[in-house]
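See below for the structure under consideration.
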Amino acid sequence: MERAEIERLLNAYKDGGISIDEAAAELSRLPYEDIGFANVDHHREMRQGFPEVIFAEGKTAAQVTDIMRALLRRSGKSVMASRVSSDKAKRVMAEIGDAVYDEEARILYVRRGEKPVDESRKILVLTAGTSDIPVAAEAALTAEMMGNCVTRLYDVGVAGIHRLFAHEKEITEANVIIVVAGMEGALASVVGGLTARPVIAVPTSVGYGASFHGVSALLAMLNSCSAGVAVMNIDNGFGAGVLAGKINRIK
Amino acid sequence: MERAEIERLLNAYKDGGISIDEAAAELSRLPYEDIGFANVDHHREMRQGFPEVIFAEGKTAAQVTDIMRALLRRSGKSVMASRVSSDKAKRVMAEIGDAVYDEEARILYVRRGEKPVDESRKILVLTAGTSDIPVAAEAALTAEMMGNCVTRLYDVGVAGIHRLFAHEKEITEANVIIVVAGMEGALASVVGGLTARPVIAVPTSVGYGASFHGVSALLAMLNSCSAGVAVMNIDNGFGAGVLAGKINRIK
Amino acid sequence: MERAEIERLLNAYKDGGISIDEAAAELSRLPYEDIGFANVDHHREMRQGFPEVIFAEGKTAAQVTDIMRALLRRSGKSVMASRVSSDKAKRVMAEIGDAVYDEEARILYVRRGEKPVDESRKILVLTAGTSDIPVAAEAALTAEMMGNCVTRLYDVGVAGIHRLFAHEKEITEANVIIVVAGMEGALASVVGGLTARPVIAVPTSVGYGASFHGVSALLAMLNSCSAGVAVMNIDNGFGAGVLAGKINRIK
Amino acid sequence: MERAEIERLLNAYKDGGISIDEAAAELSRLPYEDIGFANVDHHREMRQGFPEVIFAEGKTAAQVTDIMRALLRRSGKSVMASRVSSDKAKRVMAEIGDAVYDEEARILYVRRGEKPVDESRKILVLTAGTSDIPVAAEAALTAEMMGNCVTRLYDVGVAGIHRLFAHEKEITEANVIIVVAGMEGALASVVGGLTARPVIAVPTSVGYGASFHGVSALLAMLNSCSAGVAVMNIDNGFGAGVLAGKINRIK
Amino acid sequence: MERAEIERLLNAYKDGGISIDEAAAELSRLPYEDIGFANVDHHREMRQGFPEVIFAEGKTAAQVTDIMRALLRRSGKSVMASRVSSDKAKRVMAEIGDAVYDEEARILYVRRGEKPVDESRKILVLTAGTSDIPVAAEAALTAEMMGNCVTRLYDVGVAGIHRLFAHEKEITEANVIIVVAGMEGALASVVGGLTARPVIAVPTSVGYGASFHGVSALLAMLNSCSAGVAVMNIDNGFGAGVLAGKINRIK
Amino acid sequence: MERAEIERLLNAYKDGGISIDEAAAELSRLPYEDIGFANVDHHREMRQGFPEVIFAEGKTAAQVTDIMRALLRRSGKSVMASRVSSDKAKRVMAEIGDAVYDEEARILYVRRGEKPVDESRKILVLTAGTSDIPVAAEAALTAEMMGNCVTRLYDVGVAGIHRLFAHEKEITEANVIIVVAGMEGALASVVGGLTARPVIAVPTSVGYGASFHGVSALLAMLNSCSAGVAVMNIDNGFGAGVLAGKINRIK
Amino acid sequence: MERAEIERLLNAYKDGGISIDEAAAELSRLPYEDIGFANVDHHREMRQGFPEVIFAEGKTAAQVTDIMRALLRRSGKSVMASRVSSDKAKRVMAEIGDAVYDEEARILYVRRGEKPVDESRKILVLTAGTSDIPVAAEAALTAEMMGNCVTRLYDVGVAGIHRLFAHEKEITEANVIIVVAGMEGALASVVGGLTARPVIAVPTSVGYGASFHGVSALLAMLNSCSAGVAVMNIDNGFGAGVLAGKINRIK
Amino acid sequence: MERAEIERLLNAYKDGGISIDEAAAELSRLPYEDIGFANVDHHREMRQGFPEVIFAEGKTAAQVTDIMRALLRRSGKSVMASRVSSDKAKRVMAEIGDAVYDEEARILYVRRGEKPVDESRKILVLTAGTSDIPVAAEAALTAEMMGNCVTRLYDVGVAGIHRLFAHEKEITEANVIIVVAGMEGALASVVGGLTARPVIAVPTSVGYGASFHGVSALLAMLNSCSAGVAVMNIDNGFGAGVLAGKINRIK
């Protein structure tokens, strides 16, 4: 219910145009959609810095172009499309001049009203192997789109654990850590034991046979012996980036 | 490797007691355990306010008593034991005078050096039904043991969604929200859509038949359409409390 | 927001006690809980004839007694508790004089304001075997508590299909049919092929080995080659009774 | 056994053309297929308004054309083919002039003897997201082919629950509601809590990772905390439309 | 429909007691149950030698006693109850004097009208280990109750394959072979490669961990590289005995 | 060990050419392969009428051609290749003149030494739907290649059960019945209840969603309430044909 | 076939007591069981040092006593019974004077002919947590019963990885390493990365919720990113001990 | 920490260039990466003979070429790339002259510093069928690349067990045996019963239907009744080769 409408009702009652019964009835049926929009408004404040997001998988280049244009017109905020193939990205970029494509993260985006980044609050994104990089890149860029400062450390899996320990400094300094791993997903537990910061674990579908497209890593992460590891859906780099961003803005 | 030992080595070399070869060899083999302890020390600072924890399931009352006593002697910190049955708790309390038992949370604890709570940083714990309460209570008390201010709202599941909406204020004001739900676990998604704060979802084994002891709720939460919902293992209230505490201490 | 409150606001504005800004702001924040209750009221009308329900599994006799008493005091409607063991029922009945126990359905109930049953709108409950009867009885009694006329036909599974065909008349005359079956759950498909009425299939956990506690029957029912068979959770007789009642009251 | 045949037998016996032994023997062997056809005849009455249906997946355009033509010749009823790709539809339409293709629902149909629609008995079809639309459209058009009046509301998932509440009126007025959702399928429970009408839940294979091609939504719907939600197979929009139609014709 | 009834109808029509319409109507509604019984009669001939069977699991001693008595009165055939515990058997035997209990097979039976056994048509029952014996004994005794000659060879699993090969003669001479095995169920494939006779494989729930209560053996048997191995449900010795008996009576 | 070799050894010993030690040693090491061949010889007698079989999936046309030629040269028996695509068949037939391709069964074969068929021992192959036909055709042709007389009845699923009952005669007369069904696989149980003959159930991967590529039908068949139904692997028409042939040759 | 028998045959032929046909026939039918025993004899040599083993789960104390006595009489080797409860052990020890019970490993054993241990070939057994100890102890004692020198290191899981690194020396010096871990089983991968020796991973059923009784750890170990980790069944400490012993005796 | 650096520190302290505090601090912070390299060095000795390995699946020919070249430059050891398609291999070989492609094993390799093979320590690789050969060939070539002597025996599955027994000699003489089998994986148990040597079982994804892409064989192998069978991930021939090599180098 827009303010104008409420004012109209209040004045109609004051002026005697409608009875108190009528006014009360109408107000008590205050339609949900307006509450909804109020809700959205209320959220908007909290959502400062969040980009608008398009899940591009299963959408054509034309559809992505149309939605992206509409969002850019409407919101004045940055817009990102996730899971965009290289081909699709090219076709969208031919239409939307200032769109940028990050091939590693498979994200196509337009930046608006860039918020200054607080560099003292770092998010660290780790991967166990090189095949986990696309998911990690999606998480990292998503967090950056939300105004975070992100460090990427790839291929530091537990089979050669010295590679991980070589980065003690980055681990110690991070505010939030995202661990991206497929196969047996052990990296999340090891990192969880090295830091007192929140660890977000993202299982990937990397592996074969009994990895069951990421189920093995997912279960390992859910059962982490390191207390307080948060788990995301398989390959959900975007969600991890969003969660890290939400955590990192708490003050 | 303790500082004393390093100093001894340095001085032995300076004094000519050992050759540079011997000193280098010994130092280059710097044993892991000492790094380990250094690590622990380093962590200890970050872990201020964390209680010592005993997972009591499968341990006898005597074992819990012994471990609890040892921890109290050693660390000077608060100690909590999770998954303690009522009977076991009584037997431990007969031995350890200042132990307190929270039956709802099945946690037995001794508080030490109580840190003042920052009441402006609230953690909200919601449950979908009444059967989810033990898991929620475990999460809530765990977070409180870490010095957090926790609000509990139970039985606000989506089948009667007005019960949830009646608590908009608590949802809006919380820094971190823990959602505990069994069956179809839909509450996590609904709450995730109402807040921009981190939401930690804990599936419970509440339900029967195709709930598969919590798998249904677990999958629902992993697939939440609300971006950035963190998921814990089934019935892992303790882990949710720890994660919420870790998030809430970020400043 | 109760009507009194809305009136107070309207009058305060009319009287100049508050400005239009204040009134609009307060009204635009119309709290959810009141909408919620309005919602409930609105629903209550539709829910005429529905009993109040207690899921008794995991509750003590004392808890069931207390909740049942409270519901009886508050609503003036019939009350039923499902999944009540024989022992628990006895203890509740010692406290609540007019409670009745149906051992087959494991339901304990108090009838109030009995609505006349429309005998021309029959619900038929079929089971494949004798072990499926408790679930079927739960469905049947639940539907009866909602004011429906229910026919029970047990042990008419497909291994001896003539037993089923002997009841063509009951099948033809039913408005809604509930099929309760474990093991391979084939009865749902056969009945679905014999009628144009809605068929509600309830898989049961009857069976062993590869029945996987009802999964076999559940999958069979979900894949029924008879179009338009509705499936419930394993052993969910209560839900089937409710759904049949909801369908049967459409006019 | 057709009536003509029975009369022939009766008269042959009366006329002495066959002995009582012969007549009894022939009648006691009353062949199943005739019972079958009787059955079909009996059903036909109830099935008024049901279209003939072809499951086109895995059939060639030529096969679909042939079957459709045969059905049109034989039954005089409307005919629909489900799961028809755009290409296949074009090739069939080149052969069958009055065939119409609904691309969204992937249904190709020929309407015959259009029955007047009872607009007071509405079926509402909701989807959680835009990717769920093909399944919902299949459900909606199927129900329409059976002579029902259908309202479609797409993309009202629980992550932005105000979008759902904005349609309270449609929800309240519907006779039967079909909820189509993938991922965590929470919409079914929320809608089930808002209405006393039958809710038919259709899980979709929308999602990735731990959605397991619709299993997550399927389990969530089977475990709905809202009593009496009927569940269909994953992506089974057709079945949901049929069930809604069967429910809606009860009078 | 019994012959007497058909004759009554035919004569009533001939005598003018009923019109041709009435006679045709009644005959065209020829009730299924009578067809059913005809069916049963027809089957009875084929089922010569089959005992009546009671699945005793989940039934009380009193229930088993009652059903057994009723079957003995009615059919004049042998009666067997499967899955009878030792205690339950004792209580039934106290009531039914000529009941015999086979503890190994957990079968309680009464033999009637013992058919002479054809010793040239042997059924061989093999087990991989000693823990598989109860299921094998159930299969063997079931087949014997159907008048078959059964040889038992237990504990001839593939880990010590010479134990199996020592019985080449029994394997060669058997008409049908039942292989009962848990764990990895490899025995079925090995035996299937040694004989051209039908092999019936019964997986058992013997094992632990990744045997998943018999799933491992079940899958192994379904995937046997020996062509034409028939598989039964986990622990379904009774079904294997019945199938072997059905195969063995083909002439 | 061929007879000639044994004789040579015996005579060498008798003639003093080798000592008793040497002879005993050589004989006690009687190599397995010879036992193997003896075994095969022994089997050969039983395997009269069995064709040689090639599993063509994953083999090139050239490989199938080579193996088929080798088998034809070596054994003088009929040869069949299963799971042969239409294209592959054409290329093999261009090389092997008397090879015949059955497209429905996807089998390519060469018939040799055709054994007269015993028409009094019929095998009946039923399918629930039309999509199950390829698997059924594979079973039927396999059994025919083994010299059996096979009747095919397709599309007699339980949703229109009169279609099945119209074929009571074929069901009653069959010696062995193969039931091929996907989706919920209910046909196996219904047929199992109509006959006392062995029923071989073949689940197919026909279906979608919760059919899980045949798992639904597989579980249903394993849990059949009709005693003594044999189950094959999903889509294993070949195995069903072999088993039916093995059963049918018992005399 | 024992040597004596072969000699008898050879001589009977040489002496003309039997014809060459008779001798060849008998020899060509060389019974499998004798090959079997020869096999066993052959194996016995290799199996030097292996104890006789009884799987005691599901056996009564009396049965274990009887089998143990028989084995002691027959083989002269050490005998061990695995999975023996404390109560059962007491009852067996009352009968067999020199039996020893290891409560941690749940193994009851009698040592005979103690073979001197080669202390330079160490087997190291690690556990992630304290709850994994029973499985580890079973592995360790089994290997010791085979004459191996075993080091035990418990509770060195990856959540506090410094505890593991403190034991670099034991890891480096071991010939074979057994890693026993439940929950997420990450320890196997970390250890696999620290050594070039064979690593045997034993998942345990330690954990709850999504550990699925050890499935989580099992999958993690099968998907280890460290190449060449061998995996055993869940909780199969015995098998790990046997495998380690087999590896360790290779020279 | 390189020796040079340690020496520099020691000397700086000795020379008074830095205080004991500074030296101790720097040394106590001995960075992990240096330990890591020390670790690697330490391992290098043990890893003599191990080739460098590239997992080529998902990498382009250009990427494989680049990595292979880099490894050849850096390590002076042999290099192998696994899971290389024929096309990709050709493109790499066009760039790297001395690369060799083994099509069966799908491995592309460059041999350097060939170590003399110890022919007395044989590794035997067995397959159940011909479709298992690629996995077996990968295992065999991997072990050969590590300097082992490997015997290959293909297509000796249990359905024709004489084929296996014909190779008793190879089985008896092998130091380590790798068993590669799909479908029901029974070969591992049979071989495990014939030898006292370590058996490494590799399940393959060969099969269809209920083989579930290798799960059936995997479970069978995990549940082997032959004690001490080691199991690898599905299709993990590489891992089996590595493990066999690790076992075979123990002395």
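By written order: A, B, C, D, E, F, G and H. Residues from 1 in each chain.
Heads up, the rule we're going with is that a residue touches a chain if its C-beta (ideal position, glycine included) is under 8 Å from a C-beta of that chain, and two chains touch if they have at least 3 such contacts.
Computed from a predicted structure; not experimentally measured.
Asks: List every chain that touches both chain B and chain F.
Replies: Under the touch definition, chain B and chain F have C, D, G, H as mutual neighbours.
Asks: Compute the shortest path length in steps from chain D to chain G over the network of touching chains.
Replies: 2
Asks: Among the chains, which is located farthest from chain G on the basis of C-alpha centroids?
Replies: The chain farthest from chain G, judged by C-alpha centres, is D.
Asks: Quick check: how many Å separate the C-alpha centres of chain E and chain G?
Replies: 39
Asks: With chain centres taken as the means of their Cα atoms, state the distance from chain B to chain D in Å.
Replies: 50
Asks: If I count partner chains per residue in chain G, which residues reach a count of at least 2?
Replies: Each of 32, 35, 39, 160-161, 194, 209-211, 215, 218, 222-223, 227, 233-234 in chain G touches at least two other chains.
Asks: Give the pairs of chains that touch; include all such pairs.
Replies: Applying the touch rule to all chain pairs gives A-B, A-C, A-D, A-G, A-H, B-C, B-D, B-G, B-H, C-D, C-E, C-F, D-E, D-F, E-F, E-G, E-H, F-G, F-H, G-H.
Asks: For chain F, which residues count as touching chain D in their complex?
Replies: Residues in contact with chain D: 131, 160-166, 168, 208-211.
Asks: Mind pulling up the chain C residues that touch chain A in the complex?
Replies: Going through chain C, the ones touching chain A are 1, 3, 6-7, 10-11, 13-14, 20, 23-24, 27-30, 32, 34-35, 38.
Asks: Applying the document's contact rule, which stretches of chain A touch chain G when the two form their complex?
Replies: 128-129, 157-161, 183-186, 188-190, 192-194, 207, 209-212, 215-217, 219-227
Asks: Would you tell me which residues of chain C are touching chain D in their complex?
Replies: Touch residues, chain C against chain D: 39, 42-43, 46-47, 50, 53, 121, 172, 175-176, 194-198, 200, 218, 222-223, 227-234, 238-240, 242-243, 245-248, 250-251.
Asks: If we count contacts the way the header does, which residues on chain G are in touch with chain E in the complex?
Replies: Residue positions touching the partner: 31-33, 35-37, 39-40, 57-58, 203, 205, 213-215, 218, 233-236.
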